[in-house]
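Each of the two complexes below includes chain A, the first together with chain B, the second together with chain C.
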Partner chain A sequence: MAAAAKAGEATLRHAFGNVLSFFILLLIGVLAFSIRLFSVIKYESVIHEFDPYFNYRVTQFLTKNGIYDFWNWFDDRTWYPLGRVIGGTVYPGLTLTAGTIWWLLNSLNIPLSVETVCVFTAPIFSAFASWATYLLTKEVKGAGAGLTAAALLAMVPSYISRSVAGSYDNEAVAIFALIITFYLYIKTLNTGSLFYATLNAIAYFYMVCSWGGYTFIINLIPMHVLLCIVTGRYSSRLYIAYAPLVVLGTLLAALVPVVGFNAVMTSEHFASFLVFIILHVVALVYYIKGILSPKMFKVAVTLVVSVGLVVCCAVIAILVALVASSPTKGWSGRSLSLLDPTYASKYIPIIASVSEHQPPTWPSYFMDINVLAFLVPAGIIACFLPLSDASSFVVLYIVTSVYFSGVMVRLMLVFAPAACIMSGIALSQAFDVFTRSIKFQLLRILGFSEADAGDGSSANVVPENDAVKVDKSEETIKERPSRKNKKKEKEQMEKAQAEKTSAKSKTEKRLLVLPMELSVIGLLLLVFMGAFYVVHCVWAAAEAYSAPSIVLTSYTHEGLHVFDDFREAYAWLRHNTEVDDKVASWWDYGYQTTAMANRTVIVDNNTWNNTHIATVGTAMSSPEKAAWEIFNSLDVKYVLVVFGGLVGYPSDDINKFLWMVRIGGGVFPHIKEPDYLRDGQYRIDSQATPTMLNCLMYKLSYYRFVETDGKGFDRVRRTEIGKKYFKLTHFEEVRQS
Partner chain B sequence: MARSTGKDAQALFHSLRSAYAATPTTLKIIDLYVGFAVFTALIQVVYMAIVGSFPFNSFLSGVLSCVGTAVLAVCLRIQVNKDNKEFKDLPPERAFADFVLCNLVLHLVIMNFLG
Partner chain C sequence: MNHLILYFAAIIILLVSLSTSDSNSDLVSELLNLQSQSEAGVIHLNDQLVSRFLTSTKTPRPYSILIFFDAHQLHNKPELHLQELRNEFSLVASSFIANNVDNPSSRGKLFFCYLEFKESQSSFALFAVNSLPHIRLVGPDAKSLKDDSVQMEQGDFARMAESMADFVQSRTKLTVGPIHHPPLLSKKQIGLIVVVILIWIPFMAKKIFAGETLLHDRKIWLLGSVFVYFFSVSGAMHNIIRKMPMFLADRNDPNKLVFFYQGSGMQLGAEGFAVGFLYTIVGLLLALMTHGLVRVKSVSIQRWVMIVSLLISFWAVNKVIYLDNWKTGYGVHGFWPSSWN
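Presenting the complex of A and B:
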């Protein structure tokens, strides 16, 4: 009777817990969505930055012309004489997702415009990403840790920075795809079900479609498999988790036109093939060990080792020769710069000049992940007690992502989910201990002598029938934690380890229990820490990461002043020039020009053709006549220059000018950087070199600048300009704002 | 030395043979299927070495489909094998259904990629 009552109680608690966690997850999704809406509230529902404009234009094309035209699209409005094969060079995941959502909504008669769908895709997928984090952490440590990790990810500033409403870039869906691929991998590893392996391959396909960062997955998972093999955790579930993924994953990756045959030919994928072979060898060894007697097995080993060594050396020699024959050893430039951070600055100035590719500074870690920075080590330790396949995976994930985030600030984004998972685990464990202590002490104080410490063991949402399971925990403590019901097993392991010295009797249970006051204070402090985190995240989302950078604001003594110069300039171009006119500018503005002004540009943000960019850079650095000749050969009719010296806008073309010189000089040797520097210093005042004062960029930026205030004081460089009165001989100013 | 190695090899071969003969017939059928798939893949590689790899996507999809079915069949064998304690709760029908599903996805992709 008592057992039945207890069982009924347990199912009731179970049901209550499930309903509660459902509502919590719903709230987390709403939180993730709404914290990213600051830019829509403060400015308007507009697409931000530069890259999203290209994605927006591609999505417009897709919704207007359908998918077949999209696959075969050759774009002649960019890279003027060359054009660009859009179908073959774009990662289609994001545009296809947004296009599908738009099509679905429109067929349900909800007439949202393409722009609205594009702007809000990122917040929706960040809600999905936090749910995926819940699932992943639940597989590693349990539902409580899952909820904490999901709540942390919904707000972490690093992820917000790339997924605000309006930031319509690949990472918006790619992070969701990343987490869900990892979740399905861990789920397959835990359950050994081929169904989840299939889903894993399909999720990996979605990741390949969405972002070039998929190489992180296809190198991390083989690393983890290798780690499991080397630490003796090989099991048949590992084979089922990894082998179908490699075969199906390679095929699916080859299906995406951007990747194509790179899926089998570039070094970034070789790790997966190598580990595939190693896994098969190990599986074969285990199989033969299983069917042979130990003596015979030893004989087999000596035989195979002697023969196999010779064959191995031959194969390795061939492989090494193949790989060494290509100049970059088969790696692409960006991957090489990840492994050797100094590579890009030495050989490829284009990659080095992108501000997102710079290494991050220490403060940016605290800005981006805040409180999680010191919860992560606690989480790593919590993963080791006990160590399971899943927790070794997240440890590996966080270690590799910390390294890569240190190389490139853009990859802080990949580090954020790992940090949230670890912190979620740590926080959940801490809450566990504190609440258990409080409950135990309370019960003791109130005089219940048979207070089952095991009863108040977890704040986890999936409680168990502890009275029944307590005996099982003693038996299972000996076996390795690689069973099917991993989660329950883990909770029992935690309890069992805490009660290491206990015998079969319940009365001797000794869980980690702290004094009452300590636990209460500890709980309060943790809650305060969480509050600080929330305050910081909301501040970061509102102030730091919501600027659409196409609309600028500044606070003057008259109040808020809004600069809409970019859009006004593009609108002017759109309405006052011929449809076929070509516009030259630095590559930063290419995407925006084609999307908003609808004119053909010479170079844009795709930066795939270094020589073409160098041509534009040379033109900007040369004197007027030479520049005019270059632009004439490219059929350019308008030149767009961004100048911030009047209002104090710091990221204008004069500040970027040295990169133009470097990139131009990388291809055309007559442009030499020292010519533009006086004593190694970059200046534009009267001490500047004649080459600098005569170059096209200087002239276009400062033409008639002296008329604004009589002295020509540049607010960004904080000096008066060197050459004040000059006329443009080959160019004509048609518009300024 | 060579003599004893030769004798050892023979003894090893015999024990392997006798141990393998003890496996159930269902598993042997799956093993036969795996061997067939690998053999087909080898034939394709030899053919490519002779004729050249021009439609590379066709070659890739052909070889990977053979390797893929081999891998999936091995997964099925793992799940159906009664000696595997980890999978004793899994009904063999479910294992086979998963196998068929995964094969469907694999062959759909192959068809798409074959050109």
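Presenting the complex of A and C:
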């Protein structure tokens, strides 16, 4: 009777817990979505920055012309006169996702514009990502840790910076895809189910569609498999988790045009094939070990090992030959700079020049993951006690991603989910210990007798606590494959093991408490820390990461100023120039010009052709006549330059100018950087070199600038300009906004 | 008569110019000779040679001279990086010579030299050099060694040989070309390592199959992963890539050292490790409390360890927030209703 009542109570608790978790998850989703809406509230519902405009334009094309036209789209509005094959050079995941959402909504008679769907894609997928984090962490350390990790991920600043409403970029969906792929891998590893293995391959396919960062997955998972093999953790579940992923995943990845045969040809993928071979060799060894007597096995081992070694050597030799035959050794520049961090700064200026490829300093970590940075080590240690297949994977994930984030600040984005998972584990275990200490000792104080272990009311409490525990372990056992007779035995053993441990934990658990008053303090400190995290995240979302950078604001003592000059200029181009006119600008503004002004540009943010960019850079750094000749040869009718010296907008073309000189000089040697520098210093005042004062960029930027205040004071460079009165000879001003 | 004077004058001028050009080419060949005798092509100057090649010659000289001011007694002071810089300097010199072997005209235009403080104190005084490290370029037109020569700024040798070469290229309009770094390992060493690895593989394989390597020790993995975490969050990769020093000497007071650099986007080595330590220690203490301390039986030990670790954690978090505020001007604020203020 009593047992039945207790079991009933346990089910009730269980059901109650499930419902509660469901609602908590719902709220976490709402939180993840709504914290990213600051940009819409503070500014308006616009697409942000540069790349998202391209994605937006592609999505528009997709929704208008359908998937087949999108797949075959040759874009003649960009890289004039070369053009660009869009269908074969973009990661289509984001576009297809947003296109599908739009189509779905429209077929449900919800008439949202494409732009609205694009703006809100990122927040929606952040909610999905936090749910995926819950699932992943639950597989590793249980539901409590899962919920904590999901809540942390919902508002981690690093992720917010890439997924506020309007930042319609690949990373927005890719992080979700990354986490769900990891979850499905762990799930397969824990259950050994082919169903999840197939899902895992599909999730990997989605990741490949979405982001170039998929190479992280296809290197991390093989690393984990190798780790498991080396540390003697090989099991058939491992085989099921890995082999289908490689075969199916590679086949599927090769379907994405932008990846294509790279999926089997480049070194980034070779690790997975190598591990695939090793896995089979090991599987064979285990199989033979199973059917042979120990003595026979020893003979076989020598045979198999020698044959295996020969095969391995042959394969490695082939791989090495393949790799050595390609100029960059088969690795792309970005991947190489991860392995050898000093690589990019030495050899590839165009990678080194991008600010998000810089190595971060310690304040970046505090800004991007805030107090999680303090909690991660505790999470790592928790994962080692005890070490399971799943927790070793998470440890591997955090170690590799934290190293990569140290090399490139951009990869902080990949590190952030790992940090959330680890901190979630750490926080939930700390809460567990502290609340347990308080609960038991409080009960004891509140007159539930001084009863010693084993009887009275305190015993009442303990089994209750344990009931949940046993329940949980039963649950995990249920998840394991119960379809095969062979497994039954093992299961029974596991069950016995679980019972043993739960009995052990029953006796231990009562002792595992800390002094109560200090637990209260510790709990309070943790809560304060969490509160600080929330405040920081809200602040980061509201102030630091919400600016669309297409609409600028500045606060002065007179109040708020809004500069909408970008859109004004693009609108002018759209309405006042011929449809087929060519507009030259530095590559940063290429995507925006094609998307908003619908005019043909020479170069854009997809920096695939260095020579073409260098041509524009050379034109900008040449004197007017030479520049006119270059631009005329490219049929350019309008030149767009962005100048912020009047309003104090620092990322204008004059500040980017040295990169134009450098990149231009890299291809056309008559442009030399020292010609633009006075004693190694970049200046535009009266000390500037004549080359600098006569180049097109200077002239276009400062033309009639002196008329604004009579002195020509540049508010970005904080100096008076060097050459104030001059006329344009080969260009004329058509519009300034 | 007039004609005669003019004639003589013309001859004299011709002679003088001939003799100077002659002595100039002598000087160059002498320098080239010295260069070939010296190690890595860095000529050892002393007071006599300075006066011979720099002070007593007429400007414009046909060559520029880049001088590294060295002091042997300061080599043991690691913060000056004298030896390191000297090596980099020789690298630039040998690379310049190697890259300009086929181009004798530019090879004779620039010479790399060094002066030792102990034996050439008067030359040091001539250049008014009173602090090291100091590298100075004497151009062809420099009359007064002190005022007309150009000092290489700290920033120019921050990136070692490459930036020194950039400096030389921008000032002399001569091309140094790619720097030839000595390979990290010689061919013999590489061969040896390969052989050792080949011998070691079978033993390793045996151990792996037996399952008794360091790889099977969880503590190693644990320590390793915590260390990688510490290493990365301390921004050590930034320090390696940017070659940041551990600390700087204070500009106003050379005896004082600066450990913390104000301003985001840059950090010093010691600063990074200090904050990385703060980041890591809190998590370690928390893990100690939740996993280790609960198993301890004695309540008073539990109490004391908890007090200490809570205090340290609190202090560490506060310290990081304070430092971040100081460094980057970071300050969050809650979004309270404005009427509350």
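Here is the rule we go by: the second predicted complex is superposed on the first by the 656 of 737 C-alpha atoms of A that agree within 3 Å, B and C clash if a C-alpha of one lies under 4 Å from a C-alpha of the other, contacts with A are read in each partner's own complex, and residues count from 1 in each chain.
Please note the rule applied: a contact is a pair of C-beta atoms (placed from the backbone, for glycine too) under 8 Å apart; a residue touches a chain by one contact, two chains touch by 3 or more.
Just so it is clear, the structure is predicted and the values come from calculations on it, not from any experiment.
Judged by the number of chain A residues each one touches, C leads among chain B and chain C. Of the two partner chains placed by superposition, only chain B is touched by A:Ser293; chain C is not. Applying the stated contact rule after C-alpha superposition, one finds that A:Gly379 touches chain C and leaves chain B untouched.
Judged by the touch definition given at the top, the superposed model places A:Leu251 against chain B, while chain C stays out of reach.
Looking at the shared chain after the overlay, A:Ala243 reaches chain B, while chain C stays out of its contact range. The interface of chain A with chain B does not overlap its interface with chain C at any residue. Looking at the complex, you find that chain A touches chain B at residues 192-195, 197-198, 201-202, 235-237, 239-240, 243-244, 247-248, 250-252, 254-255, 261, 264, 283, 288, 290-293, 296, 299-300, 302-303, 482-484. Taken together, the chain C residues at the contact with chain A in this complex read 153, 156, 169-170, 205, 208-209, 211, 215-216, 218, 221-222, 224-226, 228-238, 240-242, 264-267, 271-272, 275-276, 279-280, 282-284, 286-287, 289-291, 293-295, 297, 299, 302-303, 306-307, 310, 313-314, 316-317, 320-321, 324, 327-328, 330, 332-335. Considering their complex, residues 5, 8-9, 11-12, 15-16, 19-20, 22-23, 56-57, 60-61, 64, 67-68, 71-72, 74-76, 78-79, 83-84, 86-87, 89-90, 95, 98-99, 101-102, 105-106, 109-110, 112-113 of chain B touch chain A. Of all residues in chain A, those touching chain C in their complex are 230-232, 301, 305, 341-342, 345, 358-367, 371, 373-382, 384-385, 387, 395, 398-399, 402-403, 405-407, 426, 429-430, 432-433, 511-515, 518, 521-522, 525, 529, 532, 535-536, 538-539, 542, 674, 677, 680.
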